[in-house]
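Read the structure below first, then the notes.
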Amino acid sequence: MQQAIKADALQIEGLSVAAQIGEKSYKALDGVTLSVARGEARGLVGESGSGKSLTLRAVMGLLPANLTVTAGAIRFDGRDLLGDGGKLLHEVRGTGISMVFQEPAVALNPVMKVGRQIVDGVAWRRGLSGRQAKELAVELLAQVGIKDPARWVDAYPHQLSGGMRQRVMIASAIASKPDVILCDEPTTALDVTIQAQILALFKALKTDLGAGLLYVTHDLSVVAEFCDSLTVMYAGRTVEQSDDLGALIASPAHPYTRSLLAAVPRIRGPIRRLRGLSSSAPSLTERDQKPAPALVACGPGRQVAPFTAEDERFFARDEEV
Amino acid sequence: MSEREMTATTASGDIARSPGPLKRLRRDNPQLLYGSLIVGVIVLMALCAPLLTSYDPTAQDFMSTLQGPSADHLLGTDNLGRDLWARLLYGARVDLFLATIAVVLPFVIGSTLGALCGYFGGWFDTIVMRIADIVVAFPFYVLVISLVFILGNGVSSIIIAISIVSWIAYARIIRAEAMVLSSTNFMDALHVGGLGVPRIIFRHLMPNVLSQGIVYAMSDIVANIGVIVTLSYFGLGIVPPTPDWGNMMSEGQPFFAGGIYSLMLIPAVAVIVTSYGLSMIGDGLATALRVKR
Amino acid sequence: MTRNELVAEGLSVTFPGGMQALRNVDIRVGAGEIVGLVGESGSGKSTLGRVIVGLQNSYSGALRFADEALTPRRTRPQRCAIQMVFQDPYASLDPRMTVWQLIHELMVVHRIGTGREDRRQRCEDLMRRVHLPGALLDSRPTSMSGGQRQRVAIARALAVNPRFLVADEPTAALDVSVQAGIINLFADLRQEMGLSQLFISHNLAVVRSLCDRVAVIYRGEIVEMAPTGAIFDAPQHDYTRQLLAAAPDLP
């Protein structure tokens, strides 16, 4: 693989997803646009219901039955994943793109040894022997920072701590040397110290593997720890994004991003009253059904959704009631 | 963007409210609707039996035995000349009534014990569950048949016999649900609120765990109809000449080999249709009663 | 130094099976003070909260509240005085009841208010206090957002006029944006009613923005306790430093 050219490994363009509820159809995602290059970690931030996890599921072709892609493109290495009736998606899933879930306790098979789970897909695809597969599993466990991997390769998930299980999940996600890893709040269920270790691991993997990361979370301070770029979503739409996370956080352009940042409690700096965001995002059925306006450029590598003075007032309003 | 604020204040359920309640039920829970229709019609027919037939279900007429369906006798007559339609209707009364009563008693006893077990745990739970294990260790029919032998034939024996055995299923279901609920902050919040134990158990715990028991009760009625009909078939349940679907089948059996199928098949179909309707209600209730969290 | 509201001395809890959840814990919360209790899962922080609120009654050590000893058999006023808000508002509220029913029941049981009209009035006041529209009184928590449910849980805790609130990770299940509003609410309750609080959390940033003092708990022991500024600017214990280094923050 030539990582020299900084081509986008994953491109999502104008992705719209409709939810069928009863006889009516609602916009679950509306014109979501973002891209992830190899070696780039992009944070995808939003509140619950903003569509951030749904975006990941759409990429993986894992949408629930009542949701369908209505417009837009998802491209992997320039090839449309939605185009050929899912054949390419099937080929890419698990090899080119892999995913790390929030709850490793649920995502791992409880009756299969972790070593086998990690390499199951790869071993089958590459036709590895049992011994080769096990060696690969040990290697991968070492790569995700599990000490004494030869001992743990034959353990079952319930014998592992939460942090170790998440490392196992990550090991199985990188087993096929993917170009893009989708992460769905992988540290939310973990303790702070373990979370810090996992984030450090992601940081290391990004450089070691040269993979692109799309990291979904509701916690801005987590992505600020290790992501390069940032996309902010609200109510199924992209609100603002930047290839430079620092620049976006230093000078947010959209009123929603400003409010979101003001809600984050800080470890350093002056202690100030937090900004409680005005009533959380409208539910699916309450959303604006007009098509989302296109993002406009507002600086190098930065885009923002157009907003009105009324939006500004709406998002600046403090707290509920 | 004023509509966002407007819609945020209106109730969120207005899309679901548009069609009528029946239409909505047909869309969301057809099983409950059709199950209730089937069972409703059967119950109504049983209740209105005197209006639907002018025959006495036990009146014999030796001038017209083993007749086929006719304008006089809708389903024909049996070997004693009794009107089959009348026997079917009055049999439904007996069987449905018995089956339902034989569910209410174990439901109340079993659910209460199960909730207490789940709430208190400890020795109380151990004792109740050991008793349940012992009762369950006996084969069901052997136990019921021996109880009917001891207590004698008849309605009350059947109810007691079934109750002694079938409270256990309710106790186990409710106990499991109560234990799950007890392990969450649900109980903690009630305790911190300073509510008394009886109030917590009967006002908060039980209403939240009963739905599984209610769903089970539907299939239990089905099972009870089976038990009652089976006991009667073996001559252990309802005493003839009281009409009952089990009696009807057992009395019709000798004629089955002779080519007269209707005596046995008509009550059998009634049992199947009723059971099917009740099962559908059970499945429908399982959907409808799922506690939304 | 403010008057002591809650004092715990030498609290130890050993679970059946021998696990020591708390070892000789001393903690003091002054009147109108918010003390943060920070630790990771399994540190014993929730157990300490449960002992204080009376849900964990097998412990050794002494508990005093408002200069009275608290024993496992608490009086009704003592029970009401110390209330708790839980992490998961989805689990802690009876899904079959409307907000009005939930709060009204407590008022009836504890003989608060005179008659229905008065109680309705009190409920509306409570809703205002937790910044919820009064119209929500007649809806069920199941139809509400996570933040709204947590506000309902807080309103319910306030219904019995407590003087002390134990909040066990009340924002852990919420979005950061919703969390901010709940944190502000706890701050306002102290400001407006002088409500003393023990705020249990694994999130250092949250504790920093709310609490006057912070206790750090590790494997059942309080390893450091100091005013918030001191904990964050000059942590003394190794574990505190470790926690601080691990906590993510905006640049």
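Labels for the chains are A, B and C, by order of writing; each one numbers its residues from 1.
By definition in this document, contacts are C-beta pairs under 8 Å (C-beta built on N, C-alpha and C of every residue); 3 or more make two chains touch, one makes a residue touch a chain.
Everything numeric in this text was worked out from a predicted model, so none of it was measured.
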State the smallest step count from chain A to chain C, taking one step as a move to a touching chain. 1
Report the pair of chains linked by the most C-beta pairs in contact. A-C
Based on mean C-alpha positions, I'd like to know which chain lies farthest from chain A. B
Just give me the whole-number Å value for how far the CA centre of chain A lies from that of chain C. 33
Separation of mean Cα positions, chain B and chain A [Å, integer]: 50
If you average the Cα atoms of chain B and of chain C to get two centres, how far apart are those centres in Å? 47
Chain B: positions in contact with at least two other chains: 12
Which chain C residues touch at least two other chains? none
Inside the complex, what are the residues of chain A that reach chain C? 47-48, 191-193, 195-196, 199, 218-222, 224-225, 246, 249-250, 259-268, 271-277, 280, 319-321
Flag every residue of chain C that touches chain B in the complex, lowest number first. 50, 53-55, 76, 79-80, 83-84, 86-88, 90-96, 105-106, 109-110, 142-143, 153, 156-157, 160
So, in the complex, the side of chain C touching chain A is made of residues 40-41, 131-133, 145-148, 151, 175-184, 187, 202-206, 208-209, 228, 232, 242-251
If you look only at chain B, which of its residues touch chain C in the complex? 12, 184-186, 188-189, 191-196, 199, 203-204, 207-208, 291-293
